[in-house]
Amino acid sequence: MTWVGRSIRRLEDPALLRGEGRFTADVAAGARAVRFLRSPIASGRIGSLRPPPGMPPGAIFVSAAEMAGIGTIRPMLHRFAYRAVEQPVLPTDAVHFVGQPIAAIAAETAALAEDLLEEIEVTFDAATPVVDIASALRPDAPQLHAVAPGNVAVEGVLASPECAAAFASAPHVVEFAFRSGRQNASPMEARGGCAQYDRSTGRVRLTASVQMPHMLRTGIAELLNMPEADLQVIAPDVGGGFGQKMALFPEYAVLVWLARKHRRDFAWIEDRNENLMASAHSRDQQHRLRGAFAADGTLLGLEAEILANVGAFSAYPTTCGVEPLMAFAEYPGPYKVPAYGARARGVLTHTCPMAPYRGVSRPAITFGIERLMDRAAARIGLSPDDIRRRNLVDSFPHRTVTGLMLDEASYVEALDDAVARLDIPAFRLRQAAARAEGRYLGLGLAVFNERTGYGSPAFAARGMGIVPGYEVVDIAMTPGGEVELRIGASPHGQGLRTALAQIVADRLGIAPAGVRVIHGDTDRTPYGWGTFASRSMVISGGASQEAADRLATRLRAAAARVLQAKAEEIVLRDGQAVSANGSSIPIAALARQVHQRSDLFDGHNLAETAAYDPEGTFSNACHAAIVEVDPETGHVRIERYLVVEDAGRIVNPMIADGQVRGGVAQGIANALFEEVIYAEDGNILTGTLADYALPTAAEIPAIEIHHLETISPATATGAKGLGEGGAIGAPAAIANAITDALAPFGVEIAEIPATPPRIRALIRSSGRGA
Amino acid sequence: MKPAAFDYHAPATVESALALLCSHGEEARILAGGQSLVPTMAFRMARPGVLIDINRIPGLAHATADGGTLRIGALARHAWFETPRIAGPLGRLLPVVAQHIAHAPIRMRGTFCGSLAHADPASEWCATTLALGGTLVLAGRDGHREVAAEDWFQGVFTTAIAPGEILIEVRLPLLGDDWRCGFAEFARRAGDFALAMAVVALRIEAGSVREARIGLGGVGGRPVLASMAAAALIGQPPGEAAARLAAMQAAAECDPQDDIHASAAYRRDLVGTMVRRALAMAFAS
Amino acid sequence: MSRHVVRFTVNGEAQAVEIEARSTLADTLRDACGFTGTHLGCEHGVCGACTVLVDGVPLRSCLMFGVQADGAAIRTIEGLAAPDGTLNVLQRAFQEHHGLQCGFCTPGFLMLATWMLEREERLTEDGLRHLLSSNLCRCTGYQGILDAVRAAAKELGKWGEAAGVQQTSVTRGAGHAPG
């Protein structure tokens, strides 16, 4: 019986289904409730700040004045002209975005703390903010940080004479400029932390809804000048993250500070309005793209101008460079791009800071390059799939013009597979018939690759001050024969406990239920980097596999002793260690022997450790959307959504499909629904879930998923990451489909979300709409 | 987001509810379904010092025909209207409208009368009551008072209710069997407030429209009775031409504003489309 | 501010708590009664994670005050499994069909679906999607949830084309004349 490749039921589920999960708010009973006073202005200075008069006993007010002697949040990037922006935990004077925490009240209940917040005496001297890229880049714009003149926090420039030459001589130059609207990842559980003080040890346990517990521990300890050994961080059950929960937020530092100072427990459970306003935002970008094409549709050169609105500060530890520089490095995507030039800038504005969100910049660059392909196809007279076929990388490994190594994948095969399933000629007939009836159907394609499972080399190449990347796995078998796997990754819904159990179970010849994966607790797990960037299956998976193999070696050596056989000939399967001559011993019995009869064995334990730090591996997919656009209302109905994806070896198909579906839903939301909207004065206008439009089951169609499996040497288990892919392809596929549907109106989608009013406005201004 | 503190009362009679309302004045709010009031309290935008919960008062939970009207009591929940309460065109219209209101759990608790008291300009029942020429019955210390729907809506979340009054019942005129109704709305997502909606009721006799009522929602600070659009239908044979005419007229009769979800131009455009589609439904029924 | 002693049952067990008037039913269940299975996703009635059954009716517990539940019979996610923890048909279906990933929205969906499956009317495909559009999920893309509730409906004999009331199409754009 092998487990990898089977859709076994998740080990995580029963407790969650019984309502017995432990999320951060569930451990906070008895803690003082903390609520934050948040800046009502986007830019300016705090004039005066005083605690409420007459606070009840036990209530605490804290501001920067009380928290003297702590550091600032200051992530570093040593390349790309990065400006080391500093973010105070609580500001002493200048405020930089609406929602920025400026003081806190702790009281017996959250309701009481909110009452007291209203009594805080605070005055501001407001200044004029800049909230959009154009305003921030004007020469006379107010400057957010002295260290970043011109409000540019980071800049990557790649000038290429080859590229200029390609454009000069190309028969076709196609351009596309577009805008991606600001997103909020909106996990169903908002942020939150509970800092508990242990008087017997002087340590603080911070339970928090985060994706990177070890990083948070290190970062907070450094920030508060406290011994790291006195801080334990636990990511318990976490209700989604999608990247928003990667950053070191000042609120968590305040909680730990309060716990240490007052020697008691404090909890902050973020509410949805805070999350929408003040957690982290993403994908607020504008791009201009140019492609030089040969007469036969071959792409000769690509030029990109990338602007990312990164908000008021730089998220720690990724820095605000993560969005603009990822677009900068990865624009060529899955295509053969012989010459490439680009300029990417991260622009500071008086808005909520940016953190990575599922796919990061890949949804935008895929939107850009896939639209460019369609435009070029129309200009040159090729079909959308033909022009892609002509330009997709089809021999591996392939080193991209920006130095990325594309490993074995199936870019062309995925496209061909999708095209075969679509029956495009039949669709075109149907489309024509529908048009004759005044109905508008469209088909859109998106081909992309997804960089996954990349370790420290990739982060180092960015010049990050803190280089994440490796994962360590500690494995041990108990005397009873169960395996405990301690990992530094930090899953929050991805089913990693189950998937890793499957890998380990196969290597050790036991059942997955016998593998307990321990994660999220810095006291109980090896140092690691958490779960983000589609890394855990690859990196923790590879390390788990290696650790299991090392443990298997120990088990075989022990079994060889017992069975008087050669270790190399021992097979571990079905819970038994079996020798070549058929004699066997149950693995559990063997484990008990090794522990309790160490006099009989050479080694005395069944514990091993392994680390993995790969360069990275690229999964790929082709998404296709068929939509119907109602030209009267601008409504887009998704008739069909197809994904053909290749993430190498799929450990658990059910879990893999769930990741794709969840990603596509967020991609559809990005394409059609969600946008964070600011007023010019920096106030957020989408502060409730009535205004920030997360899609429901009525808006998300069934997604058809087909898997290809290209096994690449770049990942030890053969598995590539795929958590972000769904979100990467959907905006492009949907936007291209809408553009195809509205071709009779000459409408092109160059802005997402493509909301009904925007679509309708495009139709009206085309002059051909009723 | 926790509400500001308040005192809570759950009176057993309308009289005691009115007494509480009078003694606490502006500090007091009536709590019926709570599906609109409680979120505003969570945001501390509404901060009543006193909540008067009427859910335990008997005699308010009805939606029954009486003479020529459908009498809808203060505790009639949206969900009750998901199946026809009565026979006839009105009975058939209300389930079509009810399905569009928010989501099932909200419909189980929220009340028809609560929508009218709250007067959100995108409320389906508000547009419906205005279109059908309903009557609102208010209970006060001095007895009952009736207000016609067209006098009820005075602005965004503002009605003709007087201090010390409770909206105790809404009455909708039953429509004769020769009436036909239609409804259309467009929202971004399932359950959202409509970006525009139209409720129409027509009487057709001998191949032409004799009477027409058109109510619009989501296109301004209050629902709009599109009387000129309705007038444009009189004498017309039912069909696309009449619908287009009425739609154009209706779009001109309303005054939507720009907001973050849609421009005024879009809403005006959209309401015309909704009028056409509602009329198509009515003509076909 | 008034405080009230409120009595209700949760999953059949009597509770008596003393709470502020402003404590929502959600907060009352979680903090006063210790039933943390009901989750708060937005506290303004949009996400549905806080859905519980009150006298058989699915309600957003963040939109009701605990004091209003006096005398009510409340059911929460903690009451679905058997006392020994055995999952019920619906819960098993969620596990079979990957109807959850992070699990945060799951309590609301389970209670909503419990109501859907205990009603007289059978569920149809349209009705399934329409009713499940009441709640938000960010992880699953909804398909696993739809599959799970459909499977549970079939197993419980609650699946079929509507024999009774004609449901109009209530997905967006429902301004078309019924076809």
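Labels A, B and C are assigned to the chains in the order they are written; within every chain, residues are numbered from 1.
Basically, a residue touches a chain if its C-beta (ideal position, glycine included) is under 8 Å from a C-beta of that chain, and two chains touch if they have at least 3 such contacts.
Computed from a predicted model, the values in this text were never measured in an experiment.
> If you take the chains that touch subunit A and keep only those that also touch subunit C, what is left?
B
> Using CA atoms only, can you tell me which chain is the most central one in this structure?
Smallest offset from the overall C-alpha mean is found for A.
> Does B-C or A-B have more contacting C-beta pairs?
B-C
> From the C-alpha centre of subunit B to that of subunit C, how far is it in Å?
Computed value for the inter-centroid distance: 27 Å.
> Based only on mean CA positions, could you tell me how far subunit A sits from subunit B in angstrom?
Computed value for the inter-centroid distance: 43 Å.
> Subunit A: which residues touch two or more other chains?
111, 271-273, 633, 635, 688, 690, 696-699
> Mind pulling the residue numbers of subunit B that touch at least two other chains?
1-5, 43, 186, 188-191, 273
> At least two partner chains per residue is the criterion; list those residues in subunit C.
In subunit C, the residues touching two or more other chains are 20, 22, 43-44, 130, 133-135, 170-173, 175.
> Spell out the residues on subunit A that touch subunit C in their complex, using ranges where they run on.
Subunit A reaches subunit C through residues 9-10, 12-14, 16-23, 25-26, 29, 111, 185-190, 237-240, 242, 269, 271-273, 492-495, 630, 633, 635, 637, 654-655, 657-658, 661-666, 688-690, 694, 696-700, 702-703, 726.
> Touching residues of subunit C toward subunit A in the complex: what are they?
20, 22-23, 30-31, 34-44, 46-47, 49, 76-78, 80-81, 85, 87, 91, 94-96, 98, 100-107, 110, 129-130, 132-146, 170-173, 175
> Using the touch definition from the top, list the residues of subunit A that touch subunit B in their complex.
Answer in residue numbers: 109-111, 114-115, 118, 271-273, 632-635, 673, 677, 685-686, 688, 690-691, 693, 695-699, 755-757, 760-761, 764.
> Considering the complex alone, what residue numbers of subunit B touch subunit C?
By the definition above, subunit B touches subunit C via 1-8, 10, 31, 34-35, 38-39, 41-43, 51, 53, 55, 82-83, 95-96, 99-100, 103-106, 108-109, 182, 184-191, 273-274, 277-278, 280-281, 284.
> Which bits of subunit C are touching subunit B when the two form their complex?
Residues 1-2, 4, 20-22, 24, 27, 43-45, 48, 51, 57-60, 62-65, 67-68, 112, 130-131, 133-135, 165, 167-168, 170-178.
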